[in-house]
Amino acid sequence: MIYRLGYAQLNVSDLEKSLHFYEKVIGYIKTKQEGNKAYLRAAEEFDEYSLILNEDKDNVALDHFGLRVSSEVALDDIKKKNEALGVEVEEVQDKDHGRVLKVATPSGHPVAFYHHSPQLNVYHGENKDVILPMRRTHLQNGIPPLRIDHMNLRVPSVNTEWNYWKNFDFSISEYVESADGNDKYAAWIRREPFTHDIALVHKQVASLHHIAYIVDGVAGVIKTADVLADAGYRDNIEYGPGRHGVTNAFFLYIKDPDGHRIEIYSGDYKRDLDQEPIGWTQEAYEKNGRLWWGAEVPESFKETTTINKNWMKEKIY
Amino acid sequence: MIYRLGYAQLNVSDLEKSLHFYEKVIGYIKTKQEGNKAYLRAAEEFDEYSLILNEDKDNVALDHFGLRVSSEVALDDIKKKNEALGVEVEEVQDKDHGRVLKVATPSGHPVAFYHHSPQLNVYHGENKDVILPMRRTHLQNGIPPLRIDHMNLRVPSVNTEWNYWKNFDFSISEYVESADGNDKYAAWIRREPFTHDIALVHKQVASLHHIAYIVDGVAGVIKTADVLADAGYRDNIEYGPGRHGVTNAFFLYIKDPDGHRIEIYSGDYKRDLDQEPIGWTQEAYEKNGRLWWGAEVPESFKETTTINKNWMKEKIY
Amino acid sequence: MIYRLGYAQLNVSDLEKSLHFYEKVIGYIKTKQEGNKAYLRAAEEFDEYSLILNEDKDNVALDHFGLRVSSEVALDDIKKKNEALGVEVEEVQDKDHGRVLKVATPSGHPVAFYHHSPQLNVYHGENKDVILPMRRTHLQNGIPPLRIDHMNLRVPSVNTEWNYWKNFDFSISEYVESADGNDKYAAWIRREPFTHDIALVHKQVASLHHIAYIVDGVAGVIKTADVLADAGYRDNIEYGPGRHGVTNAFFLYIKDPDGHRIEIYSGDYKRDLDQEPIGWTQEAYEKNGRLWWGAEVPESFKETTTINKNWMKEKIY
Amino acid sequence: MIYRLGYAQLNVSDLEKSLHFYEKVIGYIKTKQEGNKAYLRAAEEFDEYSLILNEDKDNVALDHFGLRVSSEVALDDIKKKNEALGVEVEEVQDKDHGRVLKVATPSGHPVAFYHHSPQLNVYHGENKDVILPMRRTHLQNGIPPLRIDHMNLRVPSVNTEWNYWKNFDFSISEYVESADGNDKYAAWIRREPFTHDIALVHKQVASLHHIAYIVDGVAGVIKTADVLADAGYRDNIEYGPGRHGVTNAFFLYIKDPDGHRIEIYSGDYKRDLDQEPIGWTQEAYEKNGRLWWGAEVPESFKETTTINKNWMKEKIY
């Protein structure tokens, strides 16, 4: 069983510049830095990291993202299901995650399935006092982000990609019909009882639109814009704040120094996985779905981040 | 598979008085009222209700609570598991939920397992415009509460009760060791990846300590106290605001006109079901667990709500 | 001595429609309704009203605004100063304010100076219990707005208008130089130690740009957009949220059913009246002053509300 | 004319320890440190400082507080008024404030009247870009506090002290009658149109109860408790959060390493200086005034900080 989105690895052109943005200004917490990679977590996460920044200036891209599964047995099951679907699975060992299954989805998105995830220690000092990860507010700076929430991926065919993911017990929370009715324009799919772990949206070229992090309420979203503008990153605030009709997200889209887009938002809503998907016609989507209220979507919003095309056969670290 | 806590039914002595408290002041939304019962939901819920107030002045108590399961097949499975455990299951039909399995847990807590749950319509008007349930803020009053979160139950033996619930794939997020090490003092157990759907805490007499609802951040918690005091219900604010060490809950405990306790809180944290439970010694719990900061626990906090002892064999509606 | 902006009277085309917008959706509290006029207050005000809606469909305009002065003696002083400046003063009696001095400023803005202002009763019940006006949260709906803050006026010459107001001990907090250096482009002027009671901005035709109300923090500003969109007033959200560099205002501009613009904002900053004005060059204003961050100013933002040209000689009620 | 409370100087036993508390944990911004003194400001202040920490381990006390007046001429006026009242005035020069009038009030409270107050520069860089003091959020830590608000002083006779301050155009916003009706139990007095710059409360020995700082809304108050507990200062959280009936303050009282009490609160309300004071009988105060809602006042709340008895004749720096 897949639990959830665990982490994403972004290839960046200049690690120092990226760390200034993510760590010093936004307030991600750096757990470790090894070679070209920095490992960052958000303030309420128990995992050691949910974002890996990998300096690789010739391949600025979404390197891959990781989905955490419930057990080693679940990994076996995922391997079998992929093979039954005719999807190639590469099994490797990763220092942090142990056994990892590498897969490229039908659209080519680079995915790592893993079970083991290094955890923060919660027992501190001689007396093994319990200190939860989020109880370090006196050391925080920036916003900070609280936890990773979802990836928004662009895919040439939403139905094709959905036909892959539904094998792994994903559920659609909301979707937008395509104009001709032969495909979907978009689908928000999830393993957790919120609106999405992954959004699939139509675009000819498979790519990453954004990674989303939850912050503390609408005030956390506004603080993001304030902190960025105050730190000299005003041009990195791309779009928002506003509210989407679909998923009810109160959003702000920002761009990192390489143009990777992060959605900063205050959470969506809770709804059981078995409930009927909520469907928007193209018309309804244009009217209220894309935007419940807010400024018009800027042209730049169509830009996306390249995905790693060498994911399979590539060494994972 | 059990999804989550679905609803609770409280028996109250005076429905009108209770509705004034819950609906007019706190801001619960009444979906329907039939006979002695009023059905209330919180603002972000898709279920028609999560709280039933049932006027029954001779049996002021927790009537029962409902756990929503993933399918009819899952109900079969739950029935079998109970029978294998030697726990009596009574199968009834409920107008709203269809097939319902009634069970009294080892400590006697009255539970209804059900799959079908009436849902709010999200398509509105001639054009079937999508309007999500929470997008009615112009009609809201009071706080309002956003969604039900958990029940806190008192049980004579935490281990005995846990030995029941673990058969249904519950996981412990945090627990407190008992002084003598033979039982637990408390365990927070969950089917969702947060800290708890149900809290089990030691008390000689099985009873209900509180039902918890999530509100919009710490400001929502403070607004609760303000709204209650302003409306003449200051004495119904029992304890808080403060922060628990266990579960990281920022809490306010209030009491309804019958003394049923509601916890108003701003949410806890997210952590996968398979992760090792976080254990507190009695000493650590006394030091930082019960209270991360805040005023001392008042004496009244030991009081609990009686549970319905006639749950089995009783008509469900 | 002038204390502050006390109230504004807007002429509206349809009182019922306006009341739906201001009272039912935004959450203004109606104190009284007499003839064509409704008197509204914000939640933390002690004055009976700060906004008068006057149905006069042939003269949809800013009827006038009122400035509260410290005493009857202060009214004498203001009369003398106006006369010394050659500005006509008309002295009338108003049922609510008693003695009122009517003046049209050099640019023609319709002002009422008054001392007496009807106050809400704070002693309630038999025991004369003190209940402050803002302690009625259980009866509130909408956002609600907390208090009136300022008027933003358009004037053909900022310096000419400033030369009038400086006689009444106004102080400039911030200003923008004009391109040619002969006038100012804008000046924020105040009698209270915040950034402005009145903003003066250049436009050929004297008119009203907006009236501003303070809400509870950035969350209150966002709630405004949510409530409006949810109630079917999405098109009345004109611009924002965003932050101005000048005055540090976190803003949202909305339009009422007649197109009168209200700024909903979370407050500015405190600074003594004697401190040196903060000056922005045109260049600095274009770069960071108009907008610290946020979407581009929409074209519609140049539209303004007509001002009452018959203020002098007109009956006040 | 007195404008407002400008700053307070606290004598502390260990400057390093105090700076850890105020600067590293709470988030005050240190402007300068000279000899035994550290000068701190809150995030939205234009003054270089509002809090001076002076290491003087033998005289841990409120050294004095400063009231800013509108001009040098206003200082002359204050000098004359004091002399007319038979109150000794000592005129000194202070490096930061220039001419300073030192006075001990009838109860012995040590006050400095001054006009000049060093201001933060708002023009930055080659282009003299305007950057307002609060637009440094990327460099903030802790809560942070936004601005100084008031002092709460204990005095043997409220009426005697009030009879002094009313000569300087202070106004009472709210007061509590004494039991016997011969004095007042407390009076909140102000020069700014909020509830108080100074609170006068009866106690046999003249002393300081607390200095209050405003933070960003109720969330800022709660963040204070979180940050303190997380940083190991849980025992420094003395009382709250709760809401006073008098002044409508949502409060949290904390104690610094020397036991000096700071009130962290989210602001009160605005009301003109000429309005009739709001009076509470002892009975009403006990019922709703001291506490609108919240936990009982702890015994420790009666403790106060000694005031400097050598203020007059002492060197100011």
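By written order: A, B, C and D. Residues from 1 in each chain.
The definition used in the following text is that contacts are C-beta pairs under 8 Å (C-beta built on N, C-alpha and C of every residue); 3 or more make two chains touch, one makes a residue touch a chain.
Which protein is which chain? UniProt says A, B, C, D = 3,4-dihydroxyphenylacetate 2,3-dioxygenase.
Here the structure is a predicted model, which is why all the values come from computation and not from measurement.
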*Can you list every chain in contact with both subunit B and subunit D?*
A, C
*Interface residue overlap between copies subunit C and subunit D, same or different (over half shared)*: same
*Degree value of the rotation bringing subunit B onto subunit C, based on Cα positions, nearest 5*: 180
_Taking the mean of the CA coordinates per chain, how far is subunit A from subunit D in Å?_
47
*With chain centres taken as the means of their Cα atoms, state the distance from subunit C to subunit D in Å.*
31
*Whole-Å distance, subunit A centre to subunit C centre, using C-alpha means?*
44
_Overlap residues in subunit D, where contacts from two or more other chains coincide_ = 135, 217, 219, 226, 229, 292
*In graph terms, nodes being chains and edges touches, is this line, ring, star, complete or other?*
complete
_In the complex with subunit A, residue positions of subunit B that touch it_ = 3-4, 44, 46, 68, 70-71, 117, 119, 122, 127-130, 132, 134-135, 147, 192-193, 216-217, 219, 245, 248, 269-275, 278-280, 283-284, 287-289, 292
*Residues on subunit A engaged by subunit C in the complex (per definition of touch)*: 217-219, 222, 225-226, 228-229, 234, 237, 241, 243, 250, 292-295
_Contact footprint of subunit A on subunit D as seen in their complex_ = 24-25, 135-138, 140-142, 219, 223, 226-227, 229-231
